[in-house]
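Letters A, B, C and D mark the chains as written, and numbering starts fresh at 1 in each.
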Amino acid sequence: MREFQGIITAKHPVMGDSWLMTFTAPTEVLHAARAGQFVNVLPRERAVYDPLLRRPFSVYGVAPDEGLMTILVRPYGRGGGWIVDRNIGSEIDVMGLLGNRFDIAPRSTHLLMVGGGVGAAPLLMLAREAVARKLSVTYLLGAANAGALLEASEIPGEVEYVVATEDGSAGYHGFVTDLVPDYLQWADQVFACGPGPMFESLRSVVLANRMGKRPSVQVSVERTMACGVGACLGCMVETKRGMKTSCVDGPVFDMDMVQW
Amino acid sequence: MVTVEKQQYMADLTVDLAPSNPRELVLRNPVIPASGCFGYGLEYSPMIDVQRLGAFVCKGITPKVRSGNPMPRITETPSGMLNAIGLQNPGIDGFIRKYPPTWEHWRVPAIVNISAESVEDYAMMARKLDDVAGIAGIEVNISCPNIEAGGFCFGWDARMSETVTQAVRKATTLPVIVKLSPGALDIMEIASAVEGAGADAVSLINTLVGMTIDPRTRRSKIANLTGGLSGPAVKPVAVRMVYQVASVVKIPVVGMGGISGVQDALEFFMAGASAVQVGTAVFSTPSMLTRLIDELGMWLDSNGCTSLNGIVGAANPAFGTRGESTF
Amino acid sequence: MVTVEKQQYMADLTVDLAPSNPRELVLRNPVIPASGCFGYGLEYSPMIDVQRLGAFVCKGITPKVRSGNPMPRITETPSGMLNAIGLQNPGIDGFIRKYPPTWEHWRVPAIVNISAESVEDYAMMARKLDDVAGIAGIEVNISCPNIEAGGFCFGWDARMSETVTQAVRKATTLPVIVKLSPGALDIMEIASAVEGAGADAVSLINTLVGMTIDPRTRRSKIANLTGGLSGPAVKPVAVRMVYQVASVVKIPVVGMGGISGVQDALEFFMAGASAVQVGTAVFSTPSMLTRLIDELGMWLDSNGCTSLNGIVGAANPAFGTRGESTF
Amino acid sequence: MREFQGIITAKHPVMGDSWLMTFTAPTEVLHAARAGQFVNVLPRERAVYDPLLRRPFSVYGVAPDEGLMTILVRPYGRGGGWIVDRNIGSEIDVMGLLGNRFDIAPRSTHLLMVGGGVGAAPLLMLAREAVARKLSVTYLLGAANAGALLEASEIPGEVEYVVATEDGSAGYHGFVTDLVPDYLQWADQVFACGPGPMFESLRSVVLANRMGKRPSVQVSVERTMACGVGACLGCMVETKRGMKTSCVDGPVFDMDMVQW
């Protein structure tokens, strides 16, 4: 965990309005990075104080040999907008690695990933890790329309990539969570990341369709963060084991442990 | 992580925040992370050399364990943030078991921030902390706006501030810093009262009470309704209050509120602060804390000052005739 | 420049800021440039259609001509600014000769902001303004922090605020808005006192007292030493105070402090303001004033509100049971 | 006087650390622009509030036929820095024209201009106006070193361009104001713009060397501004005729009228 100044080496537009931002990062950070972890990016020049707080972004990918890290940034607002406006060659002020990780159980062989929007980012990193371990991966991704999906070329070939769009312009016509029941028998574990409403329907779909506690579901939750290191207690998630920080104890939690 | 400091400057940055207390509170430099923004000193240890700091103040401790306020607890505002953490902490007993044993082996002095809803509880906590190894001083938070105490906080009333200070003073021989509230009508009156009641130093400012509404949900962005405003946005208010307080008290003043770099810290020193605390800015740039020490030392060197003392109060005429108010 | 308004929305934005005053103060919309930030209404006429505004408040007027404070008078702070203009103005008599004759022909109501250092002077000015054509109301500034009145301003004390309001009330039948100071310990107490003394409305907040020091010169960046802090930085404090005041008074509340766009204005309305003033943001984006009217109307349209009233107090439980404080 | 969104069409580095920024502007603004006037540029995105206030920049040049305006920006700090970081194609939020103008008296034929640093900007606009009126112009420019001077190619050929550098790396070795006495007999009017210390030495040189009130000296002064239109009363200049706004009554004042 450290602060570093990366240099942006590449920008690639994805998912309609988002960007893959690639920048240099220290080798030890790149080697340590695991799916689910995130970095906090300063969305401003150091001497300008608005917007004030760093913005968390999941690690989308790392290339330790090239010394590069990639994040997926959707410019929702002022911070994201500033970041995607940076040019190649600009500095980017990064703090990381932060947070816990998705945890693939030793005996799991079939992994289901469920992503919505920029929630695609940490799951893609996880899919790559799983493929490297020769596990079977099905990656369900939902978006408003075809243009807002992640291009198939971004997904490792070994992964079964299934998409859903709300307007039916690609793949299944409807919500990505509608597809989940089909895979609950098959999957040993489920991993999910997406907007709040996606979690809600995922939860009801899983509770209605799975057998007992199997498969377990790990979710990466989003909270506004200030420090990212467990110091401010601003980013809490209420769990069955008490208040947890989403920046250190999370962002990945067992769905069944969270007090929704 | 106790590393050997490589000092990049000549100037003497030492400061004693409790010069009239036999137990004294000597800091090797005047840079202190503020309460609530540095956890218990452990959280940032992987990132910065905590032992280099002048001191640190831990998260506010209360008589009993508190799970804090419901979420959301923080939100961003223009050049600032609101927080309503609600003093989540393990309570004084849990705290004493958990942290001081580690701090005992640290070189950096640990200051414990305490909050309570009655004079007796303040005194009780001070008593319990008095002979705990690993604790260098107490910061008495008489100003936390998130605690429900009839909506009125100790720090808004000179008599109440005095009473709390006296009670804490009686309960401990540790250095006592009283942390003032910017919500008071006349901050100088409170500071003088607290000085008279035996405080070794005062620190200020705590957060301003603020609120921000999400037009979409038509509700406050903070579950607690209001939150404490901190960060660069409040700096002008903080500098003004430090200037005022430093004009009327003789005890050391610890300044804070929006400090984000050496230029900001210099403003507080020149207004009359003997040390500074850094809160919100730690979140964005933890490395700023140690860089601040170096940059301050180097600034003094290149401005012909052999010690920090050379600039304390430099913009405050009261420092010619210390004790007389010029405000 | 009196042009025909091309209205882009359906919603009714009308508001009466003096419902219990026979002379009433009906505004076609709730957007008002704030005192000191819009000169005398003429300065921005080449840039925006001033006649479209709900009203405007002119620069603060004093009993005698004032040449204001020495320079520098303004400085930038994080998301804010400090000013210490020192009420430069032609004095009440010069003012009355110079501006109202022009305003008489305007469609937009002109509100005169008055400041004084004695109750008698406030009353004297109100009396002189009472039957001047071209004046729609008086805003009584009981809060200007730049005036030396023993360092203590009227607006920090409920009794003093009450006395000024009563005196002004007796001296004029014009709608009277009392502008509150954020420096008061309990803004609700002041607002209630002022309401009881006959104010038709209250407006808030005036600037917070701030200071910023230039480390190079070791002096304040403002010749007057302290200045008034305004702009987005203070918005959370302003929203909180408007929420508090709107919880306890029945007269209309005019909210201000950092408003820079429609989302900010909505915060104030939902906190309980019936109208808003825009100060510092006018400097950066004068066109924002008229855009605010349109954007507000369109926001109401697209959120199913037929009138502004539909959102006033929407985030404030007191608006269910108006008059009971929930703070 | 109006607000407009220009599009940056060109960026050209000058004077070592500064940039000529060229952007589109409304025709009526371009036609109305006169030397000495300025525009106020928003040094941030609209929804980001730090730094808060617009920054004034003298009009450096206009090309009404091409619909373009140029300003000379030295990135002293946060605002200037943000502006020079804009790319070609970006929007720039401008308010103008503001302020009064340099006033060439009807009978003047010999004009002396004295510039220091970015003070070069309004004088260059003035030199072009004077040349168009077939007046004789001598343009004295001072800087720390040769690299910080305006390239001669920026100056109209008809103008006598004389430079001074503090390190002697180009032209006269010393302060630009040292050269002024040589021209005081020749000049009908003097026009000056530069940093505070330059005005001070200009004033003492002129008072010591000129004959009575001739030549008159017009100076463009710098004040921190908020509104730029005379509404805030923050930018005052004390003159022998009382307090004047530097944004409406100025920025150009008769040197003899200013209370220094």
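Criterion: a residue touches a chain if its C-beta (ideal position, glycine included) is under 8 Å from a C-beta of that chain, and two chains touch if they have at least 3 such contacts.
Because the structure is predicted, anything quoted here is derived from the model rather than measured.
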Residual chain groupings, excluding chain B and keeping positions: one piece
Between A-B and B-D, the pair with more C-beta contacts: A-B
Interchain centroid distance [CA atoms averaged], chain A/chain B, Å: 37
Separation of chain B from chain D, taking each centre as the mean of its C-alpha atoms, in whole Å: 47
Intercentroid distance (Cα basis), chain D paired with chain A, Å: 52
Multi-chain contact sites of chain C, meaning residues that touch two or more partners: 77-80, 231-233
Touching two or more other chains - residue numbers and ranges from chain D: 47, 49-51
Contact graph of the chains (line, ring, star, complete, other): complete
Chain B-facing residues of chain C, complex: 77-80, 82, 151, 156, 183-185, 208-213, 215, 218-220, 226-227, 229, 231-237, 239-240, 243, 258, 263, 266-267, 270-271, 299, 311, 314-315, 327
Chain B-facing residues of chain D, complex: 49-50
Parts of chain B lying in touch with chain D, wherever the complex brings them together: 78-79, 232
Sites on chain B touched by chain A in the complex: 36-39, 43-44, 46-47, 59, 67-68, 71-81, 83, 85, 88, 231-233, 260-261, 280, 282-287
Residues on chain D engaged by chain A in the complex (per definition of touch): 44-45, 47-51, 78, 81-82, 87
